[in-house]
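Per-chain numbering from 1; labels A, B, C, D, E, F, G and H assigned in written order.
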Amino acid sequence: MGKKILMKGCEAIGEAAIRAGCKHYFAYPITPQTEVAEYLARRMPEVGGVFLQAESEVAASNMLFGAAGAGVRVFTSSSSPGISLMSEAISYIAAAELPVVFINIVRSGPGLGGILPAQSDYFQATKGGGHGDYRLLVLAPSSVQEAVDLVMTAFTLADRYRNPIMIIGDGMIGQMMEPVEFHDELASEPPEKSGWATVGCKGRDPVIVKTLYLDPVACHKHNVKLKEKADRMVANEVRGERYNCEGDYRLLLVSYGTMARVCKTAIDELKEQGIEVGMYRPISLFPFPILPIRQEANRPHVQAVLSVELSMGQMVEDVERAVLGARPVHFYGMAGGLVPTPDDVTRAIRELL
Amino acid sequence: MGKKILMKGCEAIGEAAIRAGCKHYFAYPITPQTEVAEYLARRMPEVGGVFLQAESEVAASNMLFGAAGAGVRVFTSSSSPGISLMSEAISYIAAAELPVVFINIVRSGPGLGGILPAQSDYFQATKGGGHGDYRLLVLAPSSVQEAVDLVMTAFTLADRYRNPIMIIGDGMIGQMMEPVEFHDELASEPPEKSGWATVGCKGRDPVIVKTLYLDPVACHKHNVKLKEKADRMVANEVRGERYNCEGDYRLLLVSYGTMARVCKTAIDELKEQGIEVGMYRPISLFPFPILPIRQEANRPHVQAVLSVELSMGQMVEDVERAVLGARPVHFYGMAGGLVPTPDDVTRAIRELL
Amino acid sequence: MQDEVQFAGFGGQGIMLIGKLLAHSAMHEGREVCWLPSYGPEMRGGTAYCTVVLADRPIGSPVISNPRYLVVMNRPSLEKFGPMVKTQGAVVINSSLIPISIDRTDIDVLRIPCNDIAVELGDNRVASMVALGALLGYRTLVDLEGIKELVKETFGKKVKVLNINLLALERGFELGRAFRESRQGGQEEQG
Amino acid sequence: MQDEVQFAGFGGQGIMLIGKLLAHSAMHEGREVCWLPSYGPEMRGGTAYCTVVLADRPIGSPVISNPRYLVVMNRPSLEKFGPMVKTQGAVVINSSLIPISIDRTDIDVLRIPCNDIAVELGDNRVASMVALGALLGYRTLVDLEGIKELVKETFGKKVKVLNINLLALERGFELGRAFRESRQGGQEEQG
Amino acid sequence: MFTVFTRPEAMKDNHTHYCPGCTHGIIHRLVAEAIDELGLRERTVGIAPVGCSVLAYNYFNCDFQEAAHGRAPAFATGIKRVRPDLVVFTYQGDGDLASIGTNEILHSANRGEKFTTIFVNNAVYGMTGGQMAPTTMPNQVTTTTPTGRNVKEVGYPIRVSEMLATLRTPAYVARVAVHRPHYVVQAKKAILKAFRYQVANRCFSFVEVLSTCPTNWGKSPKEACDWLEQNMIPYYPLGEHKLPDRDEP
Amino acid sequence: MFTVFTRPEAMKDNHTHYCPGCTHGIIHRLVAEAIDELGLRERTVGIAPVGCSVLAYNYFNCDFQEAAHGRAPAFATGIKRVRPDLVVFTYQGDGDLASIGTNEILHSANRGEKFTTIFVNNAVYGMTGGQMAPTTMPNQVTTTTPTGRNVKEVGYPIRVSEMLATLRTPAYVARVAVHRPHYVVQAKKAILKAFRYQVANRCFSFVEVLSTCPTNWGKSPKEACDWLEQNMIPYYPLGEHKLPDRDEP
Amino acid sequence: MPRIVIDENRCKGCELCVINCPQQILAISREINARGYFPAKVVDPPRCIGCRICAIMCPDVAIQVAVNSAQYSFFEY
Amino acid sequence: MPRIVIDENRCKGCELCVINCPQQILAISREINARGYFPAKVVDPPRCIGCRICAIMCPDVAIQVAVNSAQYSFFEY
């Protein structure tokens, strides 16, 4: 447990990875997270780690693939268009069951879009931008401190599930400076990997890291295995936070990331005006906190549910699946880099009450 | 209206595009749809069109982007990993509001997976493999004839909405031979595009095809525009087919593509045994037929809903959103290239009744 | 009425072609048809197969796991698909390359020395035509003349090749018919 | 208690730095802080700004559209952000580069010739330090000495640069305090 | 009086967002002048890259498309194949063309696509704030090579023109510079020639332009010009590296 | 009796799925022999491409990874950077390496990554059934060039070795063939040399092997060897195209 | 006498014209323009030879050059 | 006398050994193997010189070569 230091989100993320025992980073620059690379270009040599600027995101993601297959902890960071270019590799890495941490500091899309904060890659992250049946474990911090903690946790989860993990932050998470502490107790020893990692076949039979299953029965079984893994995540890794849910609030907000912080301010302001609004903030986007949200939505005083996002409405589909018709589900959001102010959120809430 | 000819799905798709007035094709080979390219390599020169084998799917999708920006009808075909590599361009093309037709003859994933039929790219197609808020209009044929008809329709829809359209077929659609007729009346004249397409600025101000919106207000507005377009698709383009839904059936199947044909055979067999099962077959996967399915599910005799897919469970999430808790929603499916037989489906149904 | 036929053998034995001929000529006869191959050259060697469904109403499942008829040109195919054939169905076995038979009494088993006949006719490659002929001789799924017309279209002006193919079809057809007749005789005896 | 400050100007005017200094020293004083820049060099030129939130409990929204305090170093920034300042707030205007003022009576307006003072001190680049000093002279958001310590850490051994920066801070601070005192006097007169 | 120098018609009357002294502006003007001199403006389509020049369409007075990062040559291929009557050029930086987009430029050149590429080599990623490019000079400090490009770790700068010149397919490939007046004059000639080859439907044409990035080099515009002269010119020899008419084995 | 020729230890005792007479098999064996002769088997990691040799791991008796199509060099970079003690080689076809994956091989070579690439140039896409590759010969008929590769439309074949040899970063680049015994002997030497350079941590090493695809060329194995000799050898000159010790400007 | 006109508001004060003018008659102004730059100006107009070098080097097309007679030019451009 | 052993079931009958044997003592068998190929065989074993060329050319590692004395070899390989 160190003392608090003021750090920019991107740099704190880079440092958190190192503290988590990950000393290998491959990436391609893209705003608004190039500072992760710039930080690690300085820092990795200091800790005897590897920093490599790849020729593209396609190459970077396949370097991760190879390196993870060789048994080391490895991660990258990028932003929306760059993540799209990694889609093929992400599908492969999930198929090969390799632990890799991806960080997407989301910018506004689609296309080149803009560089300002957005949450419009929710679908891509949670439903799989790549092809085939696989699931990323997706975590969404709402402060620099939480980003640091989740990055450290991510490496443990990646190893535990042998699955790629994605951390989704909007541009604010990457760009803002906040005080952070590094909780070194979140770091974990990597498990023994020489049974499946390509570290040379001395003393054992050769291992193969692969994703091709020409026999449909084998391919089906492999898919079943991946599905069971996803089910285990659903059972064990749901994370979220309740805010102002103790009393008899009338409206349930669902919001994540920095957008949820704006919502908190709005909730506080409304509280002063005597209006009680509760919020559930998913921290894991996959597994989505279906049950906690369903539970909150079904509390008798709740009249409606409002999903608030920096998008045109993506998470709201999962909120619908959670609420399952028990209450009307509404959406409020902005895209393109606009961030609703607490006043905007307050106004949206008032319209529903 | 021509006479019936026996054609392989891939070749019929290529021919259908030409009949629809699309004479420009850029692609990279990948099983199980390389025959589209091979057919067009012969056929395009005959009709004075363009066939170009690109150096990669990334390049192919960006060639489409440029060509569509220059105002011509253009299309490509690929299969799962290749579509993943097109994710970035697809997001851009949607952002730039260009009419492009994509055909994904899905193979089993994730990763390299196998080459056998699958429907595991449902999420990717309908929720956006690429980054940002955009929607593809996604159509899923269940026979070679329907593939031909939908390909022809797709070009009209692409022009109408100025939006990329994706046709999703599993490997069977691409590989099997069935009799087809070309309904030339489905072809449409392309609308006038010189107002926005880059055809030279003679006689007007220069036009710009772009996706960058540095100003967040402009970017937000653009996103709202895209969202409104998606809403128009939801209002106007829902397509689907009911099978055996006239009577008081007890179970509602939801299934699409060739999987739905297998279900039909199962339904017929069960009918002979006195068990009534209805099916709704979505033809448009986006817009998803939420309302028709909700309506069917809510009919009093229906006890449960079963989503049957060649995946580990993807469309079932949309079925849940459609049914909204009115009935229990179940899933049955196989992945990896295995195709359930009518008997398998029958067994899955019996377990629920 | 729906008939399903599965053809199987090594790649290069003409499996796909005879399947297509059957589908094609059934279509000409006005039936619904669907031809589905095992596809993808991503795997060299091994077994190639295709299934053909012929029906009088729109075809449901194109995937046939239990065909009524099976034509196998090599041993692995027999071992793999033999057990799948529907009861009351039939299997045509290329006895030239398949020393074994199949241990089922609920189906008809036609052992036809396709490669031997083909070699005899002067072209090893027409073995599959012999097999197709045999199937049609055994069960008139489509008219032999229709198939012959298609073969003529396919091989066009290569007269020598064409003739060998036609001969192969006929030789097979005779053997198939002979089997059926003997079998009917046999069944009558049993019955 | 929560204070929000927005700093704005041309890129290169030191906007980000003075924001960070404020955030940093508030953190040292044990407060919650959040510094959020307008980011991205993808657009050259134009206006750069950052907001700093200082609070006594966890900070909700890092996005501040209506700051209590605004420090503007160029004209476009004043035009863009001036109207946003909260009633009862204040704006520090770099009058060296901004010929105009702002038409609001509900806020305090400090016109400080930052660049002129900076040039006078011998380094045009310290204009932003003058502005930060003025803000702190006007409202003690953090202790001036803390900021000075940080400036010492930042410029380390470059003694000359360091001294000019410290002087700039002090000159600004004096002007800010003078304004506050005159204003209080004025208010008393009014009251 | 005769106006002997003014803004070409193929440029819009907009202020650019480029940093002071950035030679992107000179290169824009040269391209616009070439388009004007050949009378091509009304049938030209430019392709902007992702890089500092992403907003090129705000400055050029002709139809434009904005490509995904590195893919401008694929765009140009798409357009030129379906509309061979149009004149198409891509304008690309060294991160765009020589890093993420090497595959596209290489294969377009190799197919002999009939468009023109203006390749702006400023030895750095300008737009994203100064990271290493494949063309960054040995020991050059960038934000991702804080102690200078170590050629033992990440190799030597790529000479794109030389590399493309090895391809067998006929092409025009030249390298020019714009940091001194006489180089600008040569650059203009090469660009004109490149467009002429396209208009004649002769071959792919490619002009690499050495350019400054004062901001990310941490230099004044003048210092940047001098640095380019001293460091880049010796490593990146100017001249015509390939002509379509030269016979190849 | 002494066994003077038998299966190398670095090969498994599995039947390959390759077509009869496909020289992929010979190349596999040469690589395995080199690994054995240098005693590297227990610390070697091979990277399989997507192409006919995707199943290479079923035949090599060492650790293996299977890459995404074209990305084997990125895999190898990833592995070698994090585990420099391992010996890493990629085995790639011409569609894989010279079409979709050109960017990865080029930048790996340019960074001087310390791995070895075996590049199997058979002038066609084997696995997907015979489409044109960037290395397909002029006028060669493939399923996507049904009337033969028209160089006016799609350009000339790419000579990858020559292209990589132009890069400034030290490397070993050689082209060999395996369709005649004496070529096989030379090929073996080049492959050995390539691995030696890697083991010495000297440079990136690259061996292009001209190979046959009887199936998609529509030829018997013998005819395929003759066709290769007559058509490919003149266009793709054999030899060492670059040595790390040769000085470069 | 040739006449050059510098558009003060387009100019970004990069000095490329200043350092390249063969007559050395350009200089940077001490007055800031609306966009925050110190623009170039002509300090000794009569000595201008109309060579266009300043304009050719200007990345912001801020300079126009006019001459009395268009008959001669120093170089083809 | 050198001895070569051809693994009949590995052999795919490609003939590469046959056409390259300097002694021309290999030929394709008329009997099909289990995988459907006509394998190569040695027709005149005594004439084998143990040069290993057949083995070197075999894509399927179907040929083993043994010699009485390993002292000589035709070429380094």
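To be clear about the criterion, a contact is a pair of C-beta atoms (placed from the backbone, for glycine too) under 8 Å apart; a residue touches a chain by one contact, two chains touch by 3 or more.
All of these numbers come straight from a predicted model, not from anything done at the bench.
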Intersection of contact partners for chain A and chain G: D, E
Distance-maximising chain from chain F - centres being C-alpha averages: D
Per Cα centroids, the chain farthest from chain H: D
Chain pair with more C-beta contacts, A-E versus F-H: F-H
Centre-of-Cα separation between chain E and chain D, whole angstrom: 42
Approximate Å spacing (C-alpha centroids) for the pair chain D, chain F: 63
Between chain G and chain B, distance of the C-alpha-averaged centres to the nearest whole Å: 59
Where chain E and chain G are represented by their mean Cα positions, the distance between them in whole Å: 25
Chain F: positions in contact with at least two other chains: 18-19, 54, 66, 68, 99-100, 102-103, 107, 127-129, 134, 154
Where chain C touches two or more other chains, by residue: 41-43, 45
Of all residues in chain G, the ones touching two or more other chains: 35
Chain E-facing residues of chain B, complex: 24, 26, 50, 52, 54-56, 58-72, 74, 88-89, 92, 198-203, 206-212
In the complex with chain A, residue positions of chain D that touch it: 20, 23-24, 27, 32-37, 39-42, 59-63, 65-66
Complex contacts: residues of chain E adjacent to chain A: 50, 54, 66, 68-70, 95, 99-100, 102, 125, 127-129, 131-132, 134, 143-146, 154
Chain A residues within the chain D interface of the complex: 4, 6, 31-32, 115-116, 171-172, 175-179, 258, 261-262, 264-265, 268, 339, 341-343
Touch list for chain A against partner chain E, complex: 28-31, 34, 37-38, 41-42, 51-53, 55-57, 81, 111-112
